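Have a look at the structure below, then the notes.
Here the chain labels run A, B, C and D in written order, and each chain numbers its own residues starting at 1.
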Amino acid sequence: MASRNIAKYLQQAVAAVVERGGFDRHLAKVNIVSGGDGRCVAELVVQEEHKNSVGTLHGGFTATLVDAISTLALMSAEKTGPGVSIDLSVSYMNAAKSGDKLLIDANTVKLGKTLAFLKVDITNKETGRVIASGKHTKFVG
Amino acid sequence: MASRNIAKYLQQAVAAVVERGGFDRHLAKVNIVSGGDGRCVAELVVQEEHKNSVGTLHGGFTATLVDAISTLALMSAEKTGPGVSIDLSVSYMNAAKSGDKLLIDANTVKLGKTLAFLKVDITNKETGRVIASGKHTKFVG
Amino acid sequence: MASRNIAKYLQQAVAAVVERGGFDRHLAKVNIVSGGDGRCVAELVVQEEHKNSVGTLHGGFTATLVDAISTLALMSAEKTGPGVSIDLSVSYMNAAKSGDKLLIDANTVKLGKTLAFLKVDITNKETGRVIASGKHTKFVG
Amino acid sequence: MASRNIAKYLQQAVAAVVERGGFDRHLAKVNIVSGGDGRCVAELVVQEEHKNSVGTLHGGFTATLVDAISTLALMSAEKTGPGVSIDLSVSYMNAAKSGDKLLIDANTVKLGKTLAFLKVDITNKETGRVIASGKHTKFVG
């Protein structure tokens, strides 16, 4: 499957979970840029709905992005379902504000028989400034 | 300030951020049980809106709870604002499903001049089963 | 098996790995206080050999204690081997210096069929001051 | 300062802490390959003294490498001391055995006025297989 097709498949996966209506509906404005071979790159323009009480990107939403986009990276590897979260961590480095375009780059560092290790870098697409980085370990057995 | 008054103050803090309308609006159904001296205990009944695509508590929302309730614990310590997140981690131990009542117990492990270290345990209130545990480090300088 | 016997068993486990001569030889001065049912409590007096370049407890040795004592906690649960590390994290809260007596309290938060979730609190036994806290996730399947 | 000179400076920093005799003496066999601008690349051949009870690289020593090499990366940035550890996490992906040559690549992701965020990738130099990855947050204020 070509990279373009995988990006399309991942965008459909996003649409499906948004449609289902749970907490994943907050991914509605995520745009998949590319994907495949255990990687998923997405973009998102920060909106009012993603902000915390001081007007910048909410740490809980940042963690939600780490969770969701790394899961799409995992799903872009052949024959892999979404798995189940074991451990997730996020380091918060710089604030992002409303209107900022985020680049979310998620990679599968290791995909084993029972465990997958994923990492995510979130940067401001225009300035290149790093916003947050995360790790996500999932059970895929 | 008595513990009851602090719980009331924390519930008002929740109401204020929910009102402001950003990502914190997802705390609307959080009920503060008690608070004070760096601790905040809250309850939440899992709803459809908190679920992931397989019908259980969403990992991103779990992280949002770790973030938010530990911040309330911090704010319950005297003269402390909400601080800024540095590192957050969550371990996911058991699934929670729609209708489950969660007990979220957040504690300030250390409050220094520049850094605060917080921890959070999320359990199923009826079964006592642990759902997740988290750590949260904030800058308060 | 009574708690006293389990403590003895865990102390023997320490002696065995120290004897084997790898990196675990640094546990030589660890004294097991009690153990059983997924918990292990140990003591250690900080020595020159455990210090960093500024004269306080070394962060790498702190992580080694989190790793090792949580593994003993896991082994104190019935029929459980040491497992394999998946994720480990440590938060460093206060310094400890040479001669300080550390209390290391490790607990099994969840022991499932394939995964174990452990937590560790390290405090200064005399002052009660928290030195560090850690989480450790292991594969036990 | 040219990259070769910084590598030399970092190797001298290793020698100095090894000489001082605390827990950093376990870095004695670390060879600095290159350094500068917030990055430090090192090599180490796994020895008996670095192993756990099942004969592979010890998780506590892996954490010690994450701690130490990321601190060297930080020190390679201009006018920066070693800082103080706040949070450290390690994900363990594959085992390494005696004789394996490890490549340890540490980078400063963000260096702010009070906080530094560092990441470390440890791979088997010959096979390219990832052994572990870590994050390290330090206070530098």
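Operating definition for what follows: contacts are C-beta pairs under 8 Å (C-beta built on N, C-alpha and C of every residue); 3 or more make two chains touch, one makes a residue touch a chain.
Being a predicted model, the structure only gives us computed values, none of them experimental.
J.: Which of A-B, A-D or C-D has the same interface as B-C, meaning more than half of the contact pairs match by residue number?
T.: Most of the contact pairs in B-C are shared with A-D.
J.: Based on mean C-alpha positions, I'd like to know which chain lies farthest from chain C.
T.: A
J.: If you average the CA atoms of chain A and of chain D, how far apart do the two points sit, in angstrom?
T.: 28
J.: Mind checking the centre-to-centre distance between chain C and chain D? Centres are C-alpha means, answer in whole Å.
T.: The answer is 23 Å.
J.: Just curious, how far off is chain C from chain A if you go by their C-alpha centres, in Å?
T.: Taking the average C-alpha coordinate of chain A and of chain C, the gap between them is 34 Å.
J.: Chain D: which residues touch two or more other chains?
T.: Counting only residues that touch two or more other chains, chain D contributes 86-87, 89, 91, 135, 137.
J.: Under the stated contact criterion, what part of chain D meets chain C in this complex?
T.: 16-17, 20-26, 48-55, 58-61, 63-65, 67-68, 82, 84-92
J.: For chain D, which residues count as touching chain A in their complex?
T.: That would be residues 87, 89, 91, 93-94, 109-110, 112, 117, 119, 130, 133, 135, 137 of chain D.
J.: Can you list the residues on chain A that touch chain C in the complex?
T.: Residues 86-87, 89, 114-115, 135, 137, 139, 141.
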